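Multiple structures follow.
After this come two complexes, each holding chain A, first together with chain B and then together with chain C.
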Partner chain A sequence: MPPFDGAGAFGLARYRPGRSLLHLLHPAAKALALAGLLAAAIVAPPPSELAALFLLLNVALLSWAPSALPSAYRTLLALAPFLLLLVAIQSVGVPSVRWGARLPLGPVVLFGGELASCVATLLRYADLVLLLGLWAATSRLSDLAYATESLSAPFARLGFPSRAFSLAITIALYFIPLLGEEAERLRKSQAARGLDFRPRGLGLIRAVRAFLPLLVPLMVLALRHAENLARAMEARGYSSGGTHTRLAVHPVRPADVLVPAVSLLLVPLVLLDPFRNVDSLLRSLAL
Partner chain B sequence: MPFIDVVEAQYSYPGADGGALNGLSLRIERGEYVAIVGANGSGKTTLALHLNGLLVPSAGRVEVAGLDTRLAGSLAPIRHMVALVFQKPEDQVVGISVEEDAAFGPENLGLPRPEIRRRVDEALRRAGLRELRERSPHELSGGQKQRLAIAGALAMEPECLVLDEATAMLDPSGRSSVVELLAELNDAGVTLVHVTHRMELAARASRLVVLDRGRVAADASPREVFEREELPRWGLRPPAAFEISRRLSARLPVSLHLDVGSLGRELVALARSIPAGPIDQASAAAGRAARWRPATGRPIVELETVSHAYGDSRGLRGEIPSLRDVSLAVRGGEAIALIGATGSGKSTLLQHLNALILPARGGLRVDGVPITPDTRDLAPIRRRIGLVFQSPEEQLFEQYVGDEIAYGPRLQGLSGKRLTERVRWAMECVGLPFEPYKDRLTFALSGGEQRKVAIAGVIALRPAVLLLDEPTSGLDPEGAEEILGLLERLRAEGTALVLSTHEMEEAARVADRAVALSEGRVAFDGAARELFGRPEALEDLGLEAPAPARLLAQLRAAGLPLPAVALGAEELESALMDLFAPRAGGGTKRGKNAAV
Partner chain C sequence: MNARKIAVAGALGAVAILLGATPLGFIPWFSGASITIMTSPVVIGAVIEGPVVGLVVGFLFGGFSFLHAAGLFGPVGPTDALFLNPLVSVLPRLLIGPIAWLVYRAIERLGVPVALVLAGIGGSLTNTVLVLGVIGLFKLASWAVLGGIAIVNGLPEAAANAILVLAVVAAWKRIEYGRRRGARLE
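Showing the complex of A and B:
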C-alpha cells in the first residue's frame, strides 16, 4: 500500500441514476421517509420486525437500485469485524438476555437469548446500512440541499436563513473533499522536506508542533478559499436574505405525501410490536 | 457616455503600505475587447474587482452605464451587467451539478423558472458543456471547470465579461478552448475585459492597457504597446511572434507581427517574391546547432515499468492521474522537461521519483539501491531528490523566512553555524540576500518572493536532483524569468533538473531532454529539440510547440527548405538568413547587418 494513497471506494454512497418511484420522489418526502424508517429500525423491538424490514429493504433495493445491492453488502462485509464487536458488547453477558437453552461453545457458554439478541442487533445495523444505501443510491447530492431548503422553509418566516443553510451544506459537500486533497498535498510536500508524520512517542507540545506545517497552510488555504468563494458568489448576484428563484422545482405528487406518511406511521406501529406472537413462538423454540 | 468609467480611483488594502490603485482612470466602451496587463502587484485584480462593485474606491468613482458603484441600490443592476470570472475554478463552484451551478446567478436575479432554464441551456451550449449538464463539477477537467465558471457568468446574460487570469491554471488545449469562446462572445457583442499575464492572449485584444503601480501606464493597440521601450520596466515582454519578427525585421523586409501564423504567411510570400537563387539545401538541412547526446553515467534515480492507479473514488473525477509502464532514468547534470496535458500523470510521476508514492507495480532505484515499502527511512532519499510542488508558496508555515528555509536542514540534524551557512547558501542561490531577508515575515512577501523562499527550502537540502512541478505557473513574466534564471544557474552548478510544465518556451529553454506523457504512458523520450520540431505531435498531446518551432513547421509545410529541428529564436533566425541570403544574392538587408 503506497503511504499516501488513502482514497478508498465508497460504493455505498454512490448515486445510481434511474426513474423509479424512489428516484422521482420529492427530495423532502424522501428525507422524511428516511427519517421515519431510520427511527423505526432503531426503536423496533427484536427481532421479527427487524427481519421484516430487512426483507423489505432488500426487495426495495433489488427493484429500484439493483446495482447498489452488491456495494451495500460489500459495505456490510467490510464493517463486519466492527459490527460483530459491537454486537458482542451489546448482547453477550447482558443479564436480561441470559435466558433459554445453554449452548456450550468451547470454554464459553452462550444462552439462546443472547444468540437471539445478537441476531436482532446485527439485523438492526444491517437495516441501517441498507437504508442509507437505498437512500444514497436513489438521491443526488443536490436532493439533500433541496430537501434541507424545503424542510426548513416553514421556519424561514421565523427568520431562519433556509437558503443560506442549504447552500452551506452544498458548499461543504464540495469543500470537504477539496480540503482533504489539500491536506494530502501538504503532507506530501512536507514529507518531501524530510518531515516524518509517524508518531514516535513525542510529548504533546512537540506532537502539536510537528503538525504545524500542515495546520498553518491548511488554515490559510481554507480562509482564502472561503474569501474567494464569497467574492465569486457576490459577483453572481448572491446576497444573504435576498429574493431568489430556483431552477430545480419538484412538484408535490400524491406519493410524496403517502410514502413519508406510511414510513412515519411505522414508528408507533413497530412500538406496538405486531409480530410479538412470532417472537414468542421463536422464544419457545429457543427454550 | 462610456459603458465603464473609472475616474481617479484610489484604493488601498487594509494594512498594506501604498495604494493598490493610485488615481487610476480608464474608460471602456460597449463591445470593446480590452486586455489588462502589468506586473504582479500593479493593481490588475483590484481594478477588476472595482468593475462590478465588489470593491469600491476610497476616492474617485467607478460608473457602469452611468450607475455609481458606491450606491448600494445600483449594485444589483451593475452585477447583472458586468460578470466576473476568477482565476481558480474551485473557488467559484457553488452548485452540485453543472446545470445547477450555471443556474446560480439567474436564481439570484429572481428570474422566472422558464427564463432560468433558457439561459442555462444557452450558456452551457456556448461553453460546450451541454452534454455534461448532469455531472458533478468534481468530475470536470480544469478547462471544463473554467468553462463552467464562464457559463455561470454568461447565464447572467451580462453586457460585459471581466476575466481575471481565468486561463492561468489551464493547459494549452484548455486555454485555447476558452480563448475561442471569448472571441465568439466578443463577436456577439459582449464587452470583454481580460486581465492576463500571457502576452499572446493580450495580443488578441483590440486595446491593451498596461497598469504600473496602480495607474494606467499605457493604453493603446497591442502593437503600439509592445513597441514601447518601457516594456521591461513594467515587468512585461512582448509575445514570441512579435520578438521574432522584430529580430527578423532588422535583417529582412518583414513587418512586425503579433501571431506566428501571419508572420509565417509573410515569410512564405517573401520567399516566393524573391527570384529563386541557388539554394544550398544540404547545408540548410544539416542544421546548425550541435546534436543532443543522451547523458551517460550512472543514473541517480530510475523507474522501471512503473504502473500506478488511484482508487475508484478519484477515477470518478474524470482526470485519472495514473501511470502505465513508465520507465525513466535521471542522470547527474541532466535537465528533463516533463510535458503532457492536464491529467497525463506528470505530478504522479514526479512523486514516484522521490518516493512520495512507492510504485504499486514496477521498481524504483535510487543510486542503484531498490526502494520498496520495506525501506526503513525514506527521508534521505527525499533529501537527495528534492521535490518542489506546484504553487509551493501555499505550503509555507513559518513566521520568518530564515526559519522556513532552515526547516528541512534542521530535520536533517544540522544546527548552529552549519545550519546558518546552509540557509545563507540556499537563499543566495534563489537570489534572496541573506541579511536583509532572513528575518522578514514570510507572509508579507510578494508572491514571487514567497515562491523563491519555498524553492530555497528544498534547495537547502542540497538535492542532487531537483524535481519541480510547474515552477512558473501564476507568476508574471518577470517573476517567471527570475525562476528560469535560477534553474539555469542550478543546472550549471551540476544539479539535475526534472521540471513539469505547460509552457513549451520554458521547457525549450531549460531542458535538453523531453519526456512527454500521454494518458500515463511515455509518448516520447529524447532530444527536446526533436520533439519541439514536430508541432503536430505536440498538438496530438494537447500541447503547443514553442513559437519558433511553430513558425518553422509552417514554413516547411509551405515548401521552404529549412532544417527540421530548431529551437530558439536565434537558431531560427540564422536558418532563415541561410535561406534568404543566397536567394536574394545579397539583396536583403543582410549585407548591412553583416557589416555591423
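Showing the complex of A and C:
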C-alpha cells in the first residue's frame, strides 16, 4: 500500500491567489453564479451555446487564473477515454441524430448529426470542468462554508440548521490534514507490527479484515477528536441558537448582486436558443 | 444541532473525504478490483448521532466526489466524468444517512449488532441503487450494464461496509459481539 498524505492531497486544491473581480466576489455570490452557469451548461441546446460558453470560460481562465488552465485541460485529458466512450454510447446509432452527410471513418460510417452530437456532449463536459476549475482557482476551500451558511440562512426560519451545517463543513476542512497525519501514523505503526495490506486471494472478508486495524482506529480517533472538540465548544459557551460573530466578514457589493443575477438569467436565455440560426446554418452545411 | 452533533458530522465528513482522496477508501480485492468504503462514515454518523448528521456527512461525501470529478483534488479516473453531474454525485448521497438510520431504528430491537450490519448494508445499497439509477435515467449507460455493476460491485461493497460499520460502532460504544470480546484485565 503506498503512503498517503491527507494534507498533501488537499494541497492540490486549485486556489490561485489574486485580486480579480472573481477573487473579490462574495463567496455566496460566486456559488450562485457557479450554480447558474452549471445549470446553463447542463440545459444548453447543442452546440453553438456550448461552444460560446467554452470560449468564454477559456477567456475567463486566461484573464483571471491563467495558471489554472493547464490543470483543467489535464483533467479533461484524463477523462477523455471515458468521455469518448460516453459520447459513442449517447450519440452513435441514435435514430434522432442520424441526419446529414455520411462521413466514412475507417470501418465506421458516421452521419453529420452523430458527429455534431458527439462534439456537443464533449463541449458540455469540457464546460463543466472549466467552470469548476475557474471557481476553484478563485475560491478558498473555506469559502464553501461561508457560501453554504449565507445561502441557507433564509431556510433557518424554517428550522434548517444553516449555521451548524456551515460549521460542520468548516470542521471537516480543518480535520482533513489532522486525520491524514493520524492515518499515516497508524499505517506505519501497524506495518511495524507486521500487518500486510496486500490482498490475498478472492476472500472478501479477508480483504476487509486486513484493513480493519487501520480503519477502525482511524474512525474511533476521529470520533474522539469530535468529542473533545464538542466539549471545548460547550465549555466556551457555544450554543446553536442566538447570534454569532465571524472572524472574516465579506461585505456585499453591487458586483455581488450583478454577477449571480446575470449568470442565473443565462439559464432561460440559453433555453430560448439565441444561436439557433447558427445551428441551422451548421446543419445545412452538414446536409 | 448541538455541539456534539456538529463536531461528529465534521469529523466523519473529514473521514469520508479522506477515504475518497487517498488509497484508504479503496480496499484492494482481486485482479485489480477494489471495494469502496466511503459510505461507512455516513452510516456511522447516522447510527451514532441521527439522520441529520448522516445527511450532513452524506452532503460532504457527495460534494467532495462532485468537486473531485472536476479534478480539483488531484488526478481523476476515466469514470469520474459521470460524477460531474451533481444529481449523480450529490443527491443520492444525501439519502444514505437517513435510510441507514431508518433501517437501524427499525431493527434495533432484534439486537444492536444485527441492526448495525443491516444499516451498513442498507446505506451502501442506497448509494449503489440511487447512483446507478440516476446514471440509468440520464441514459449514460445501459440498464443491463448497470445491473451487472450493482451485483458484481454493489453487493461486495455492501458486505464490506456492514463489517466496517459494525466494527467501528461496536468499538466506539463498547458493544460486545462475536467470539472475540476483548481481554479481561481484572
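In this text, the second predicted complex is superposed on the first by the 224 of 287 C-alpha atoms of A that agree within 3 Å, B and C clash if a C-alpha of one lies under 4 Å from a C-alpha of the other, contacts with A are read in each partner's own complex, and residues count from 1 in each chain.
The rule we apply is simple: a contact is a pair of C-beta atoms (placed from the backbone, for glycine too) under 8 Å apart; a residue touches a chain by one contact, two chains touch by 3 or more.
The structure presented is a predicted model; accordingly, all values stated were derived computationally and were not measured.
Chemist: Identify the partner contact of A:L212: answer first if only chain B is touched, second if only chain C is, both if each is, neither if none is.
Modeler: both
Chemist: Counting touched residues of chain A, say whether chain B or chain C comes out ahead.
Modeler: Tallying touched residues of chain A, the top partner is C.
Chemist: Applying the document's definition of touch, where does A:L264 land relative to chain B and chain C: first, second, both, or neither?
Modeler: neither
Chemist: Touch check for A:Q190: first (chain B), second (chain C), both, or neither?
Modeler: First partner only.
Chemist: Now for A:M233: first (chain B), second (chain C), both, or neither, which partner does it touch?
Modeler: In the superposition, A:M233 touches chain B and chain C alike.
Chemist: With the two structures laid over each other on chain A, which partner does A:L167 touch: chain B (first), chain C (second), both, or neither?
Modeler: Touch partners of A:L167: chain B and chain C.
Chemist: In the overlay, answer first, second, both or neither for which of chain B and chain C A:L223 touches.
Modeler: Only chain C; A:L223 stays clear of chain B.
Chemist: Tell me the contact category for A:A248 with respect to chain B and chain C: first, second, both or neither.
Modeler: first
Chemist: Figure out whether A:P81 sits in contact with chain B (first) or chain C (second), or with both, or with neither.
Modeler: A:P81 sits against chain C, while chain B stays out of touch.
Chemist: Quick one: is A:L132 in contact with chain B, with chain C, with both, or with neither? Answer first, second, both or neither.
Modeler: second
Chemist: I'd like to check the shared interface: which positions of chain A are touched by both chain B and chain C across the two complexes?
Modeler: 1-2, 4-5, 9-10, 167, 170-171, 173-174, 178, 212, 215-216, 220, 225, 229, 233-234, 238
Chemist: Could you please specify the touching residues of chain A with respect to chain B in the complex?
Modeler: Going through chain A, the ones touching chain B are 1-5, 7-11, 140-142, 145, 167, 170-171, 173-174, 177-178, 185-186, 188-196, 212-213, 215-217, 220-221, 225, 228-229, 231-239, 242-249.
Chemist: Using the touch rule from the top, collect the residues of chain B that touch chain A in their complex.
Modeler: Contact set of chain B toward chain A: 49, 52, 54, 76, 79-80, 83-84, 86, 88, 90-97, 99-100, 103-113, 116-117, 120, 136-138, 149, 152-153, 156, 308, 310-314, 351, 354, 356-358, 360, 373, 378-379, 382-383, 386-387, 389, 392, 394-397, 407-408, 411-412, 443, 457-458, 461.
Chemist: Hey, which residues of chain A end up touching chain C in the complex?
Modeler: Per the touch definition, chain A meets chain C at residues 1-2, 4-6, 9-10, 12-14, 38, 42, 71-72, 74-75, 78-83, 86, 89-90, 125, 128-129, 132-133, 136, 144, 161, 164-165, 167-176, 178-180, 183, 197-199, 201-202, 204-205, 207-212, 214-216, 218-220, 222-223, 225-227, 229-230, 233-234, 238, 240.
Chemist: Give the list of chain C residues in touch with chain A in this complex.
Modeler: Against chain A, chain C makes touches at 1-15, 17-18, 21-24, 27-30, 35, 37, 40-41, 44, 48, 52, 56, 59-60, 63, 67, 70-82, 84-86, 139-142, 156, 159-160, 163-164, 167-168, 171-172.
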